[in-house]
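Below is one structure, written out as C-alpha cells, with a few remarks after it.
Each chain gets a letter, A, B, C, D and E, in the order it is written, and its residues are counted from 1.
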Amino acid sequence: MIGHDVFLPTPLPVLCVGITVMLAATAWRRSVNRSFLTGMVTLLLALVFAGRHTGTALDNGDSLFIQDQWANYTAILIMFSSMCILLMSWRDDAHDRTTSLVDEYPLLCMLGTLGALTMVFSANYMPFFLGLEILGVSLMGLVTFRHRPVMPGYEAAMKYLILSGVSSAILLFGVGLAYGVTGSLRFMPPVTIGDISPALPVSATIMILVGMFFKLSAVPFHMWLLDVMEGAPVPVAAFLAVVSKIAIFSSLVRYFGTGNQPPFLNDILYVVIILTIMGGNLLALRQTSLTRLLACSSIAHVGYLLIAFLCPGRLQSGAITIYLLAYTASTLGVFATIAAFATPDGPDGTVIAQWKGLFFTRPFLASALSLMLLSLAGIPPGIGFFAKFEIAATGVEYQRNLLLGALIIGSIIGLYYYLNIIRVMMSAPSLPSASLNRHVRPELMALVIVLTIIVVIGGLFPARALHPLLPVSAIPSDTEAEMTMR
Amino acid sequence: MGEILLPLLILSPLAASLILFVTAGRMSAYAVGTVACVSMGISAVISVVLSVLLLSGPATGIVQATLWPWMHIAGFSADIAFMLDRISMVMILVVTIVGLLIHIYAANYMRDDPGIARFFGCMTLFVASMLVLVLASDLLCLFIGWEGVGLCSYLLIGFWYDNPVNTAAARKAFYMTRMGDAALLCGMLLLATAVGSLDIGAVLAAVTNGQVTSSAVNMAAFFILIGALAKSAQIPFQTWLPDAMAGPTPTSALIHAATMVTAGVYLIARLHDLFDLATPVMALTAVLGALTILMGACTALVQSDLKRVLAWSTISQLGYMFLALGCGVWQAALFHLMTHAFFKALLFLTAGAVIVRTHHEQDIFRLGGLRHTMPGLTAAFVIGASALAGLPLVTAGFYSKEMILSGVWPAHFRLTHELILSGHFLWGMALLGAFLTALYIFRCVFIVFFGKSGTTMRGQTSRFMTIPLGCLCVLSLCGGIIEMPTTFPPLHLFSALLDPAASHSHADEPGWLILAGAIVPLAGLGVAWVLWGRPSPVMREIPGQAAVIRFARTGEGIDMLYDRLFVQPFRFLTWLTRHDILDYVITGTGRLARTASTSVLRARTDFLGTLALWGTSGIRGADRLLGQIQNGRVRWYAAWIAGGLCAALAMAVLS
Amino acid sequence: MHALALLAASVTVIGAIMVITRKVAVHAVLYLVVTLLALAALLVMLGASFAAMLEIIIYAGAIMVLFVFVIMMLNLGQPDSAREKEWLRPRAWLGPGILAAISCAELLYFISPFSASLHSLAPITAHDVGLSLFGRYVLMVELASFLLLAGLVAAFHIGRNRVEDP
Amino acid sequence: MPVFSFNDTLLLATILFSVGLAGVLIRRNMLFMLMSLDIMLNATALVFVGAGARWHDAAGQVMFLLILALAAVETAVGLAIILCLHARGRPTLDADTGNLLQG
Amino acid sequence: MNPLPALVLLPVLGGGLAWLAERIRPHTGAPSRNASWWMMLATLIVETLLLAMVTFNHPTIRTGPWLEHFSMPWIPTMGIAVRLDMDGLSLSLIWLSLILCFLCACLATRQVTVKAGTFHLLFLTTLTGIVGTFLATDLFLFFFFWELMLVPMFVLIAVWGHEDRQRAALKFFMFTQGSGLLMLLSILGLVITHDRETGVLTFDYFTLAQTHLSPTLSMLLMLGFFIAFAVKLPLVPVHVWLPDAHTQAPTAASVLLAGILLKTGGYGMIRFNIMLFPDAAMYFAPVAMGLGVVGVLYGAWLSCAQNDLKRLIAYSSISHMGFVVLGIFTGSRMGMQGAIIQMLAHGLSAGALFLIAGAIQDRLHTRDMHRIGGLWTAMPRLSATGLFFAVASLGMPGLGNFAGEFLVLLATWHVSPVIATLTTVGLVLAAIYALRMVNRVFLAAPKEDQRPLEDLPVRQMAVFACAMIFLVVLGLHPQPFMTFSAPSPLPVMATNSEGDHAP
C-alpha cells in the first residue's frame, strides 16, 4: 500500500498534487491565470523539494524510483525550464482572442513535466515507459495550441502521434525482449543469463536505443522534430527542445551508464553521432524559419552531447552537466527572445527575415539573442563556449578523432547559421516600426534578463556551475559493476 | 671638430627640407629659395672646411663620426656612422658645390611655381640623402641614402603630377632603380652573412684578408654591380634616365650632375678593393660600360629633344666611368665624375635657361639661331659642349677622358686561362665613343645656336641664374688641370689626393694614345660642322629611314622591348589575377556545402524511392517517383525510423 | 506446439495482414477484431486469462467501437475505397513492405537461436495480477491515471470546436 | 493447459510487429495507420505476457495493462486528430497530402 | 596590487561607461556621442598611465625575463587559472595597441554617428580581448581571449561597415573561429598528454612547456596552433578573409584589424609555436618559410592589381605579414627580432594608411582609385601623410618597416639565400603597389568634378606626426625596441634545440 516505506522522490507527488489541485480548480471555475499561477507555485514547491524523497530505497536496487545527484540535477533543469516555459506562454494564451479559455495549456504543461520527471527518477522500465508516454501525449495536446493558422498544429500533432507511436512500439518491443531475457524490469541493459543466446539482449538493447534516439531526434530518426517544432507554438517548441530532450538524455545516461559501452553499441553510436552532427548542421543551413533552425541546431547539440556520453573519463561528468546547462539556458533564452518579440497580431518571430534590423529597433533583445546564439555556437563569453570546450576535452582525452573532426566541422557550419541570424538582425531594418512589439511583457523581459545573466555568469565563472554537480556518474553502482563485468 | 661637422653637413639640408615640408604653402617663394640656398651654402662651407681638415691631416687620415648603434644583434651589427675619407671628400665637394649652384639657379627658375616649397623640400632632401650615401661608413647606412635618392628622384621627376606622363616616368625611374636596389640588398645580405657587419672598412678588410670565399666575393660584387648599374642607368637599365627628363630642369641637372646617377660609380669606387678580387665582374663592368658609351652616344645622335640629348649623353659619359671602374682605374672614374658634374650641370642649366626663354620649346629643330638673341647662354653651352666633347687642353673633360683612356689601354682581364680580354679593344670603343660624343653634342650646338632663328624669345636670363652658370663655366674649363697625363707636365694632384701612396708610372703608355684622344674629338667637331654647321647643312632634318639611324635608335628600342617584354605582361597578369583565386576556391567550397545540405534534405525522400526503383520496376524513371514523393510525409519519416532500426540491427549482426 | 495454438497464431497473423491490406475501413476494423480475439485466445494459452479478458473487453470491445464510431462520423464513401485501391498498388507498398520484411528478418535472426526454455508456464491468475498491481506497482496505476488524464485533456482540447480565425 | 513456449511467442510477436510496421509504412490512410499501430502495440503486449509467463511474474501482465492504456489513449487522441482534420476541410484521410510542414 | 588584471579589464569597463555615457546624456540635450568619446579617451589615458607605470617600474628590463605575474584560480577542477604574465614582447605589443587606439580615437571614431556609445563599447572590448591575448599564459585563458576579441570585431564590421559588410564580417568570423577550433584541439591534446604523463591537469603555459612529446604528436599539435595563427596573421592560402574584412570594416575597425589583430597571430607563433614546440617548429620551418615567401609575393602581386584603396592596403598587409612568418621561422633570434620590429612598424604604417583611406572615404565617399585623384592640390597635408606612410610600407630604409625587413632577410639569408632573394622581389613589387597608390590617389591630375575638400586639421596632423616620428625612430634607432621587446625565454628550456638556434 502507499505507505511511508515506498521510495518516491518528493517532486513527483508534489506535481501530482498540483495537477489535481489545478484540475479541481478548473472544475470549480475556469480561470487561466489561476491555472498558470497554480502551475508556477507547484513547480516552485517541487523545486524546493527537489532533493528529497519519501521512504527508503530498496537495497537490492529493485525500487521503482531512484534519486541521486544526476537525477536531481536534471530534474532541477527540467523544472526550471518548465517554469520558464510557463512564464513564456502565460499571457500569450490568456489574451488569445480566438479562444476564451485555454486552461488546458498549463495543465498539459504540468503533465508533461510530470512525465519528464518520472523518466528522470525512474529505475524501472515501467515508470520510465509511463513517463515517456505521459510526456508524449501531453506534447500531442500542446502542439495543437497554435493560434493561427491552426492546421499546422494538427498536422504536427498527427505526425508526432504516429511517429512516436511507432517508436514507442519499437522501444516497448525492446523492453519486452529485455524482460523476456532477464525476467526483471530494472532499468538497465539486459545481460545474458543462462542458456539464452547473447543475440537477444543485443537486439533488445538496440531497439531500446532506437526508441530513445527517436525521442532524442538523433539523425536517422530526427525528421519529426523539424515539422513538429515548426507546427507548435513557440513555448511548446521550447518544451520539445529542452524538457523532453533533457529527460530522455537523462534516462539514456542512466540506462547505459557512463562507462565504456559494449562494442556493438560503440559502433552504432559512432555512426549516429557523426550523422547527427553533420545532418543537423547541414539541415540548418537552408532553414528560413527560426524554430526549424533551432530544431536542427538542437539535433546537432544532441550529437555533441552524445560525444561526451561516448567518452568516459575524468572529464565526462563535468562536460555533460555543463553542456546540459548551457544548452538549456541558451535555447530557452532564444525562445524567450522570440516570444518577447512576437506580437498577437504581428509577426510571430519565427521567420528569420522578420528579425531584420532588430539590432537598431530593439537593441537589448537583439543583443540578448545574439549572446544566446553565440553561446549556442560556442563562443565566449557565453556559457556554451566552456561547454563545448569541455566536450572537446572529453573527446581529446579519449582520442575520438573522427568525432572531434565532426565536432569541428559541425561547429563551423553551425557558426555560419547562427551568425547568419545575427547578421540579419544587423542589417538595415525593413519592417515599419509600428508593427514591432512595443510593449514587451515585463515578466518576459525579466526572464530574458535572468537567462542572459545565467549565460554570461556561467560563461565567465563556469567553475561555480561545474562544481556542485560533479558526481554525475551516479548510476546505481551495481549496474556499473555489471557493466564492467561484461 | 670633424665629428660634429660631419653630421651637421647632412643635417643642414635635412633641416631645410623638414622646415620646407612642415611650412608647406605658408612661406613666400623667395623665403623658400632663401632657406634652401642658405642650407646648401652652409653645407658647402662645411664641406670645404672638412676637406681642409682632412687634407691637413695625415694622408690616410679620416674623419669619423659614429652617432648611435643601429642594430646590434647576435651575428650582425650596424651603426649609424659617418666617415670622411679622400674619396668621399671629392664627392661631398662635388655634391655640395654643384648642388649649391643648382639651388641658386633653381630658386629663380622655379620662382613662379605654386609647388615651390615641395620642390625645394625634395631638392634639399635629395642632397641630404646623397650626402648620407656618400658619407656613410656602413653599407646599410649607405642604403638609406641610396634609397633616399631614389625616392627623391621619384618625387622630383613626377613633380608636375598633372601630366600622367610625368608620373609614369617617375615611377619608371623608381621601379628600375628599385630592382637594382633589391639586388644591392642581396649583395649586402651576402656580405653581412659572410662578414657579420656591413661596416665598409670591416667588409673590405675581411675580403682582402681572404675571409670570404671567392665565389661569395664574385656574387656580392655581381649583385652590387647590378645595383650600381640600375642607379647609374647603364645597360640594361638605361631606359629610365631619358624619361626622367620629365621633371623640372634643375632636377635633371641635380640628378645627372651631382647626385643619383653618380651613386653607382661612387659605390663601386668605394668598394674597389672588393671588385679587384672579382675579375669576371670587373670585366663585365668594363664591357657594359663600353657598350653603354656607344649605345648612349648613338641614341643621343638621333634625338630631337634637347634635354633628351643631354640625358643620353649622361648615360654615355657614365659608361666611361664604368669602363674606368671595370679597368680598375677608379681614380679616373672619380675624376671624370667630377668634371662631368661640372659640365653636365652647366649644360643642363643652360638648356633650362634656353627652354624657359623659348616658351618651353625643347625640340632642337624648332629652335635655331639663338646665338644672336642670347649670346651669353650660347657661350656657356658651347663651353659645356666642348668640355663634354673633351676638346683638347682647354677643357676639363679632355683631361678626365684622357685619364680614363690611358687607364683602359693597359688593362686586361684573365677570365679563364685561355680567354683574356684585352683593354685595347675597349680603348677602341671608348675612342669611337669620344668621336660620337663630339659629333652629337656639336650637332646640338649647331642646330640650336646657329642657323636661322626659329622661335620667339622672351625676357632675360636673370642674374641669379647667370651667376651659377658663370661659375660652372669656369669649373668646366679649368676643373681638369689638376690632373694631367704623364706626357704633359706631371701634375697628378687628383690621384695624389685620392691615393697618395700609389706610384704613377704610366711609362708603358705610348704617346700616340694622347694624340688620338686629342684628335678624335676635334674630328667629331669637324664632321658635325660639315653635317649641320654650315649655312646649308648637309642634314637638316632627321632622315628617319636611314638604316644607320634606326640602328642608332637602339636606346629607345630597348625601352620598347622592355615595355613589351616585362611591363605589358606584368600589367596583363596582374589584371588577370586581380581577383584572389583562393577566394574563389573558398567560395566554391561554401557553395558545395550548401548543395550538400540540399541533397541531405532530398535524401529523405530519395531513399525509399531508389529502393523501390531497384526492387520493383527498374523501368520507370526515378523522376516520376520523385515527383510523387514529397517532403513532410509521415510515412517516409516512419520509413526512416524503420530503416534506421534495420541498419542498427544489421550493424549488430555484422559486428 | 499445440494445434490450437498454431491455429490461433495463424489467425492472428492472417488477420493482421488482412487489416493492413483492406480497402474499406470497416472491413479492416472487423479483421482487427478477429485478430484481437485470436490474440486473446493465445493469451489464454499463455496462462494469462486476466489479460485475455481485458483484451477482449477493452480492446476488441471499447477501442474498436471508437474506430467504428469515427468511421461512421467521417462517412467515407465510394470514392474513398476507390482511392484506397489506387493506393494499394504494388508500387506503393513494395518498398515499405521490403523494409518491414528486412526488419522482421533481422529480428527473427536474433530470436531464432533462442532455445526454448523449459520453465513450466504456470498460469498467472487475476489474483496475482491484482496483488502486484495494487501492491508493488500501485504508483504505476497512479501514473497510468495521469497518462489517461493527459490523453483525455489532449483529446478534449483537440476535439473542441475552436473558432477558426479568418 | 497447453504450453505455448516463449520462443513461439516471440516468433509470433515479431511477425505481428513487422506486419504492423509494414502497415504504418504502406498505408496512407490515417485510420489504417492507427490500426497498424494497434497491431504493433498488441505484438509488444504479447511479448510481455509471454515473458511474464516465462518468469512466472505478474509484472508482465501489469505491463500489458499499461500498454492497453497507452493504446487506448493513443487511439483516442489519434481519432480526435483525424476528426478534427476532417472537420477542418481536409478532404481525405491521406496522411501524405496537404503538407504544411516540410522542407 | 598587480596591474595586469587591471590592464585587461580596464578597457571593457571603460567601454561600459562610454556606453552608459551615451545612454544618459540625451535627456539634457547635449551631444551625447561626445560624452562617450571622452569616456573612451579617458579610459585609454588611464590604461596608458597604467602601462607606463608597468614599463617604468622595471628600468632594468633585461634582468628578469618576465616583468609581471598574476595568478588566480578560475576553474580549479580543470586546472584552469587566470594566469597573466608580461614580458617585453607583450609589453611592446600592448604599447602598439594603445598607440593605435589613440590614433583611432583621435582620427576615426568621432566620425561614428550611429550608436556611438555601442561602437566605443565594442571597440574597447576588442581591445580587452587583444590585451588579454597578449598577456594570458594559461592556454585556456588565451583561447578565451582569442575567441572573445572576434565577437565585437564581428559586430563592428557587420554594423558600421561599408556596403558589403555582412558577408565580410561573416567570412572573417568563420575563418578565424574555425581555425581557432583546431587550436583548441591542440591545446587540449597538449593538456591531456601532460595529464597522462604527470597526472596533473593544468593549462599553465610554463608547466606544459616541459611536456615530453613524441615528434609526431608534437608536430600535430604544433600544426593545430600554426593553422590558427596562420589564419589570423594571415598566411597565404588562408588569407581570403582579410581583404574583405579590411575593406568593409569601418575605419577604426580596419586600423584595429590591421594594426593589432593580425599581430596576435605573429605573437602566437612566437609564443606558442616556437617556444612550446621548438623541435617541431624547426622541422616545419622550411614549409612555413615557403609559405611566408609565397605570402610576400602573392600579397604584393595582388596588391598591385587592386583598384580599391583599402583592398590594396589589405593585400599589402598580407605581404608584410609574410615577412613576419619568415622571420619567426628562421629559428634565429635575429629573425624573430626582425619579425617583431616588422610587426610594430607594420602596425603603425598600415594603421595610418587605413586611417587615411578612411579620411578619403569620408570626404569622397568612394574607395575606387579610378575615381579619386589629385588630392595633393586639395589636401596637401593628408596627401603628404599618405605619401609618407606609403613610402614606409614600401620599405624605405630609415623607417621602421625596413629595419624589420632587413633583419628578417638577413636571418633568412643565413638559412637559405634562395628564399631571401625571392623575397627581395617582394620589395620591388612593394614599390609598384605603393607608388601606384600614390600616383593614383595623391600625386595625380585632379578629377574634374571635385568639390573643395577639407584638409586634415592641424590637431589630427599632430597625431599623425607622432606616428611618423615613431616610425622614424623605429627605423633609425630600433635597438632599444629590440632589446626591450625580446620575448622572454621559458624559464626551463627543453634544453636541446633552442640553444643552438638562438644564441
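Observations on the model:
Here, a residue touches a chain if its C-beta (ideal position, glycine included) is under 8 Å from a C-beta of that chain, and two chains touch if they have at least 3 such contacts.
If you're wondering where the values come from, they're calculated on a predicted model, not measured in any experiment.
Path length between chain C and chain E in the touching-chain graph (shortest route): 2. Touch-path distance (fewest steps) from chain A to chain E is 1.
Chain-level centrality, scored on Cα centres against the all-protein Cα centre, points to E. Looking at which of A-D and C-D shares more C-beta pairs in contact, the answer is the pair C-D.
The chain with its C-alpha centre at the largest distance from the centre of chain B is C.
Inter-chain centre distance (chain B to chain C, centres taken as mean C-alpha positions): 99 Å. Annotation: 94 Å between the Cα-based centres of chain B and chain D.
A straight line joining the Cα centres of chain A and chain C is 31 Å long. Measuring from the averaged C-alpha position of chain D to that of chain E gives a distance of 65 Å.
Not a single residue in chain E touches at least two other chains.
Of all residues in chain D, those touching 2 or more other chains are 6, 10, 17, 20-21, 24-28, 33-34, 50, 52, 54-55, 57, 59-60, 62, 66, 70, 73-74, 77, 81-82, 84, 88, 95, 99-103, listed in ascending order. Residues of chain C in contact with at least two other chains: 96, 99-100, 103, 106-107, 109-111, 114-115, 117, 137, 140, 144, 147, 150-151, 154-155, 158, 164.
All chain pairs that count as touching, in label order, are A-B, A-C, A-D, A-E, B-C, B-D, B-E, C-D.
Against chain A, the residues of chain B that register as touching in their complex are 593-594, 596-598, 600-601, 604, 632, 634, 636-638, 640-645, 647-649, 651-652, 655. The part of chain D that touches chain A in the complex is made up of residues 6, 10, 13, 17, 20-21, 24, 30, 33-34, 37, 40-41, 43-44, 47-48, 50-52, 54-55, 57, 59-60, 62-63, 66-67, 70, 73-74, 77-78, 81-82, 84-85, 88, 90, 95, 98-103. Remark: chain C residues 90-91, 94-96, 98-100, 102-103, 106-107, 109-110 touch chain B in the complex.
On chain B, the positions that touch chain C within their shared complex are 608-609, 611-612, 615-617, 635, 639, 642-643, 645-646, 649-650, 653.
Within the complex, the chain E residues that touch chain B are 236-237, 239-240, 243, 301-302, 304-307, 332-334, 337, 374, 376, 380-381, 384, 391, 396-398, 402-403, 406-407, 409-410, 413-414, 417, 420-421, 424-425, 427-428, 431-432, 435-436, 439, 443-446, 476-479, 482, 503.
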